[in-house]
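Shared chain: subunit A. Partners: subunit B in the first complex, subunit C in the second.
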Partner chain A sequence: MKHTDSISSIQLAVIIASTIIGVSLLVLPRFIAAEVGEAAILASIVGILISLISVIAITLLARKFREHTIFGCNQLLLGKYFGNLFNYMIVIVFIVIMGLEVRQFAEVLATGLLPNTPIEISIFIMIIICALVGYSNVSTFAYIHFFYLPFLLIPMFFFLFALEDIETYHLLPILGHNLSVKQFLSGAIIMTQVITNYFVIAMLIPYIKDYENCVKHGIWGFFLGALAILYCIVVSLGVFGAKELQEMYWPILSLSRIIQIPGEVLSRIDAIILITWIFAVFTTLLSYYFVIVRGTAELFRTDKYSFITVLMIPVIFVFALIPNNVYEIYEYASKITYVSLFLFIILPVCLLVIGHFRKRTGVQ
Partner chain B sequence: MSPYFKKSNHYVDRTPIFPESHIVNKYKDKQITNRLEENVQIFKEIFQKDMDFSVRTFKLFHETQSTIIYLNSLANKDIINNDVIKPLQDHEMDEEKNIILPQYIIENILFFNDVKAIKDIPKIISAIVQGKAIVFIDGIQEALEIDAIEKEKRSIEEPDTERVVRGPRDGFIEQLPINVALLRYRLPIPEFRVEETEVGTRTKTKLAVCYIEDVVNPTLVTEVKKRIDAIKIDGVLDSGYVEQFLEDNPTSPFPQLINTERPNKVVGNLLEGRIAVLMDGSPSALIAPATFNQFYHTTEDYNEHWIISSFVRFFRIIALVFSLTFSSLYVTVISFHPELIPAKYVVAATSGRHSIPFPIVIEVFLMELAMEVLREASVRMPQQVGGALSIVGVLVVGQAAVQAGFVSPITVVIIGMSTIGSFAVPSYNAANTFRMLRFLLIILAGTLGLLGLAAGLMIVVNHMLSLRSFGVPYMDPYAPLNLKALKDSIIRAPFHKLKRRPSNIHPKNPVRVGVTEKDYTNYNFLDEEEREKL
Partner chain C sequence: MKRFQLKFAFVLIAVFLLSGCWDRYELEERANILALSIDIAEEGEDIEMPEVTHSKGEFPAEEKIIYKVAAQLAVPGKIMLGPGGGDTNSAETDWLLVTYGYSMKDVLSNLQQELAEKIYLGHIQLIVVSDKIAKKGLEDIMDFLKRDYEVRRTAWIMITEGEAQEILNATPPVQTVPSLYLSGTLKDAVMFGKLPKEYLGKVWIDFSDVGVDAIIPLVKPMGDHILVDGLVYFKDYQMVGTLTPTETGAILAMQGINPAGYSNVIVPGDKKGVYLVKPFKRISKISVEIQDGKPKVLIDVKIEGFVEEQLYTNDLSKEKLQELEKSASELGEKALSSLMKRLQQDESDILGIGARVRAFYPKYWNENVKTEDDWREIYKDLDIQIKMDYKILRVGMEWK
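What follows is the complex of A and B.
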């Protein structure tokens, strides 16, 4: 069990934050507003707290089983066949999610930036950028996430210019109008679905240098990403209001269109935001690709990462082309995320409980 | 790696075996005899066709038959005449003493610092080809090796590629001993190590691995030596050959070692805990490990005030980014996203374009191509013609192209900006890399707009993030974030803040600036009256 790579727990936190900020954020305010109306902020906070359980579970798992990724933990705690079943499911879910995410962003680009470019090309470019990164080195993966984090926060900075347009009555009442608990929770679950992709850290467990801090820093990183998302929701809800939000397809994109930068150097800020969003989407896709490549390699017990990387390009490409239009993307996405909710939240908690009851010595 | 991984075990060593010199092989493990004629005959056979091979026979102490052989192109004839043959012939031997000849000659007659008695024929052969003179004495089974080499050398000049306004003007030359002397002169300490190795099966080039023993990380020294020992090539003609063997990633366009002709830069890096590799026959030294950060630093940054240096470094970064992205950004904005900039700018930028027959990508691409050709031509031209060429190229051709309606004036401005930007980067090889990558970005931006530009930039940045130089991450102070090293990155902090050597190379001794007591006075202590008031 020797490897020279290592990442610090601060890098782990950064990976969580930059993975969470992804393309789904562009559409998230509409989904939540459609479900719970003005209670969107409260619902998001509850959703974040639900995800927090899983962050804590995974980092605690990291402290307990330092030498295994989630794949190893599954095999160790659930038995070889049962564990491998879950491992295969994780890889497949990530392939599907990545395909949908790429497709979703290609659609955004087609609307906002490149109306004449076929979406296939955008999809292909995004996959190729991810595939050109070598996955044999975990620290490189961490460096890439670290480097792009400031760029991810640029759109957040631009949204400051939209703060003056916020109407307080758009945000009130905080509890929404006559919401049932079920409706409220389904709004919260949407938030949870969107930000569960921090699951990538479960693949990094054997590489963490300082295990003592990983829970603390993991939670900090999660809050950094989650707060950025919450901030976007608050701004878009405050500016547009719940009614108007439901009629926009990508509220964050519309938000960036109304921003005016003083000085008249740039006339359209939304293209800049879209470009920085490419970085955000890239880091998210990179995490997905990382899980797919490293996971597949671990399933087949090989270290031919570059071979798997190349092999996965057409697979993801095909999955990205399956939905016929934007509406179908979100239909598929909401279905697959129910599976992912089980795998990414309930599974780590279960593993932690099982690991707690099975004695460490008896396991190996 | 998890326990479920298997290590692939199918590595086969396919390095070809280098044939050794067949002349040396022929005489391997053979020694000279005590018969003079036989000995001289061996070497006459080897060197008989060479015009510069000299054999001179004389009588040692007026009686014993002796022969001196040397290559007269390399050896200094004056030294051989006056300091070797003359004393050996003239000396009157004390008859009574029971003497052993070679030792007696070395100890009493020859006043060279580098004289050896040798027996092995291969050693004698390599001594002759290095320019040493060999004396054979009849009846004695040993030969004397005398260092009478005179090498041609030029004077020490300021390196052309790394000019400074303020700082020392000396630069390395081709001869290794003089280069080492330039370093020793700046580092008069016993901890400064210069280890010699040899590279090239045919050129037998000397390499010197220089480091400061109590500063450098010992693992780094072992790794550098290991990589040098692994070099298998028939000849190295410049340190650039060695550089390509020492790189971590040979497929990367980015320079992974620093090369410099300035001794003060080498010493500065040695003091940071890095290693320098000097090569005989090359005026540029290699410094390892290198991070990207260092390619926009100059030695002058430390000579000037820190605020000024930080200011200049900031502009170098801008120049670097300019040279990489400016022309592609122009292409993508004009051809795909004119709505990005306010309408009046678009009008200004496109008004000159109505008669241009090409799409803007082709126009910019051709212009960049012409610029590269001009640059290359002015490098190869003799210096007297080079100036004229650049004037003709830039002024006349550029002006004519604009007037003929082939290029829009704004394109000329943009290309000029990006080219000048690349010249503002202090490191020539890093600037070259960025100039090359610019073409990739122009093509991507011309075909896919902002998405292509962003994708190209990401590919470049991801590659840089994955690079390592001797294990040190290439983008070090930025990713992974290294707050202490950030003090000497875009900004150059004052020396009292740079207390520690760069931590990314893990030097043995991290402290370089001690705590100094500051005594700032806000009164004129030269004035006696003011001093008395206190």
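What follows is the complex of A and C.
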């Protein structure tokens, strides 16, 4: 299959980074601190390393099977029926995740920015904006990510003004208090769950121009996104401490509310951080929508992308409205991510191993 | 077809250009609360509570406290910005409303019932709490402030002995908005090293932290302005004592916060003359060690200062300066030790020694301490050594 539009491996890296920085940025420090307390930093690093497996697996897969997306690989390596089962799972998981993330986004807006706007409106508009992109052109998709990445990263420098409020005793002990290995790992898994959402790159495999560099650049992009998140965790833990973090709902939002810029150029920067975060949500949801649309198209062997895009709007909308309250959103989200962790990490690794043996025995 | 395209383009442009905001909420529709004072209503006061959040006498509290809250509202349109603002009297720009209620939200609901505009807390500058509430515990009033998304974490909270409303009655002649002046007083006090940076957000963090107790600025009404009268220290959510400005300076020195705001009166060893010395640089190290299964604390304070005033004598020299340094260090050590003794007696760990033990010796903490209450027991008889090294570098424009 020949494609007229293509993306470079640098664009691939940017897509990974801007997908990682997403909805959960605001709430993540709270969840990790609630699980492992002061060990949040170490747990996050372990979580990042677990997630790294997925980047390496997918990019290696990309180098090996240049003509196929992950859907194609599934069919090729696992057989048609078994492979398609996984393909359906991927699409469903992404629909659910996207619904939940849109809902989280709308909840934050309703609590912190637009109290009178019905969340249905916020949800609907966000889905519409994502749908408007149209997923028929891959390079447009890559350019949008490329354009927004600076808007995600630059405002994070504001957190540097909070460095003076960091207390050493909030960050220590690095191993936490009385943590069992199991607790520590469950904290690490939270981090993995949140940042392993760049599965969209597995849908981009046939479009990559320079396959030689895609592993290297993929890892760079991954670290760019993951370290930005780690940085937010370190600052919020250092400023608030594990106990206060557990008491608040959106620590990064609260963090942006205590930052005072010297010279009083801006008296409140929480609006800027919220806007940044809306960009972050948009780019993340864009990647999810891409997987949903392109995945469905590939399942049904069609290229009517716009039709599928429109068809998916009400589906995602319904999933977004299922949870009854803020606690339920996060309950569902953590449940679904256990399925997604299997699909995003274990599945690519398995495919890689199977592909390796198949090549050796000459069955292709 | 062409007509249709044109129509469609028109609709599209209109959608993008004429879009509005669902949460449009104009300035003059808001009742901007700039300051709140929270008191406990005295018996015999003329308390009038409308039935807004509950029917009469049906508030399910364990111990019914009636809060008396005075809210300072900015009158829209009256506040002049820029240099022209000096003409308006502060009495014209703000409006003090007093309401009663059983909780913070209850009070504000009652207040809302009396107001045409919607209450907006986003510009709140300060919250003054009377010491009676602080002694009962601040937990109950904090939940609303934390939960409400409009309240800024950078607002100031202060405590006053007596009636908190008195503070809001202060109408300084120099500025049009009194609460801005009052919060400015505290902000400048922090800048000049007279107060630690303890705004609302920081106080919340201290309340939550294990092994750290909070401090909140103490103020006193002085007619048309206020006096920063030191600090209030807490044990958990309860106020247990106050610190004078000198003691506040000592706490700041132990925290190693620069610049220093308070001068020290020092009598040299030979009892000749009195000197006022001002520190300008302070370095403090609070180190904790575990010796024989018990924590041992060493607070090492290094101060560099300069002579500001010499009284009753005129013999400043190199030798005299050394003598001065020696007696300053001794005096400082003695003052800090007795201050720490008092804090230990009141079980208030405002320097965060417990948090340091917890951070650096997690094994000791998890085996011997476990909870904050256990820590208070240990803190009471903790061995705290204080070492002070006072250096005087300059003497001002006079040689002698």
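Some notes on this structure:
Note that the second predicted complex is superposed on the first by the 355 of 364 C-alpha atoms of A that agree within 3 Å, B and C clash if a C-alpha of one lies under 4 Å from a C-alpha of the other, contacts with A are read in each partner's own complex, and residues count from 1 in each chain.
The criterion applied here is as follows: a residue touches a chain if its C-beta (ideal position, glycine included) is under 8 Å from a C-beta of that chain, and two chains touch if they have at least 3 such contacts.
Given the structure is predicted, the values throughout are model-derived calculations rather than measurements.
Aligning the shared subunit A places subunit B and subunit C in steric conflict. When the two complexes are overlaid on their common chain A, residue A:Arg268 makes contact with subunit B and with subunit C alike. Of the two partner chains placed around the shared chain by superposition, subunit C is the only one that A:Gln260 touches, whereas subunit B remains out of contact. Contacts of A:His177 after superposition: subunit C is touched, whereas subunit B is not reached. Contact with subunit C, but none with subunit B, is seen for A:Lys243 once the two complexes are overlaid on the shared chain. In the superposed model, A:Glu67 makes contact with subunit B only, not with subunit C.
Applying the stated contact rule after C-alpha superposition, one finds that A:Glu167 touches subunit C and leaves subunit B untouched.
By the touch criterion defined above, A:Gly112 lies against subunit C but remains apart from subunit B after alignment on the C-alpha atoms of chain A. Once the two complexes are laid over each other on the shared chain, residue contacts for A:Ile121 go to subunit B and to subunit C alike. For subunit A, the partner that touches more of its residues is B, with subunit B and subunit C as the two candidates. Subunit A residues in contact with subunit B (one complex) as well as with subunit C (other complex) are 113-114, 117, 121, 268.
By the touch criterion given at the top, residues 22-23, 25, 146, 149, 152-154, 199, 201-202, 204-205, 208-212, 352, 355-356, 358-360, 362, 365-366 of subunit C touch subunit A in their complex. Subunit A contributes residues 38, 111-117, 121, 165, 167-173, 175-178, 239-241, 243-244, 247-248, 254, 257-258, 260, 268 to its touches with subunit C in the complex.
Note for the complex: subunit B touches subunit A at residues 1-8, 336-337, 339-343, 448-452, 454-455, 458-459, 461-463, 465-466, 473, 475, 478-481. Residues 1-3, 8, 10-11, 67-69, 71-72, 75, 109, 113-114, 117, 121-122, 125-126, 128-129, 132-134, 137, 139-140, 142-144, 146-147, 206, 264-268, 271-272, 274-275, 278-279, 282, 297-298, 301-304 of subunit A are the ones that touch subunit B when the two sit in their complex.
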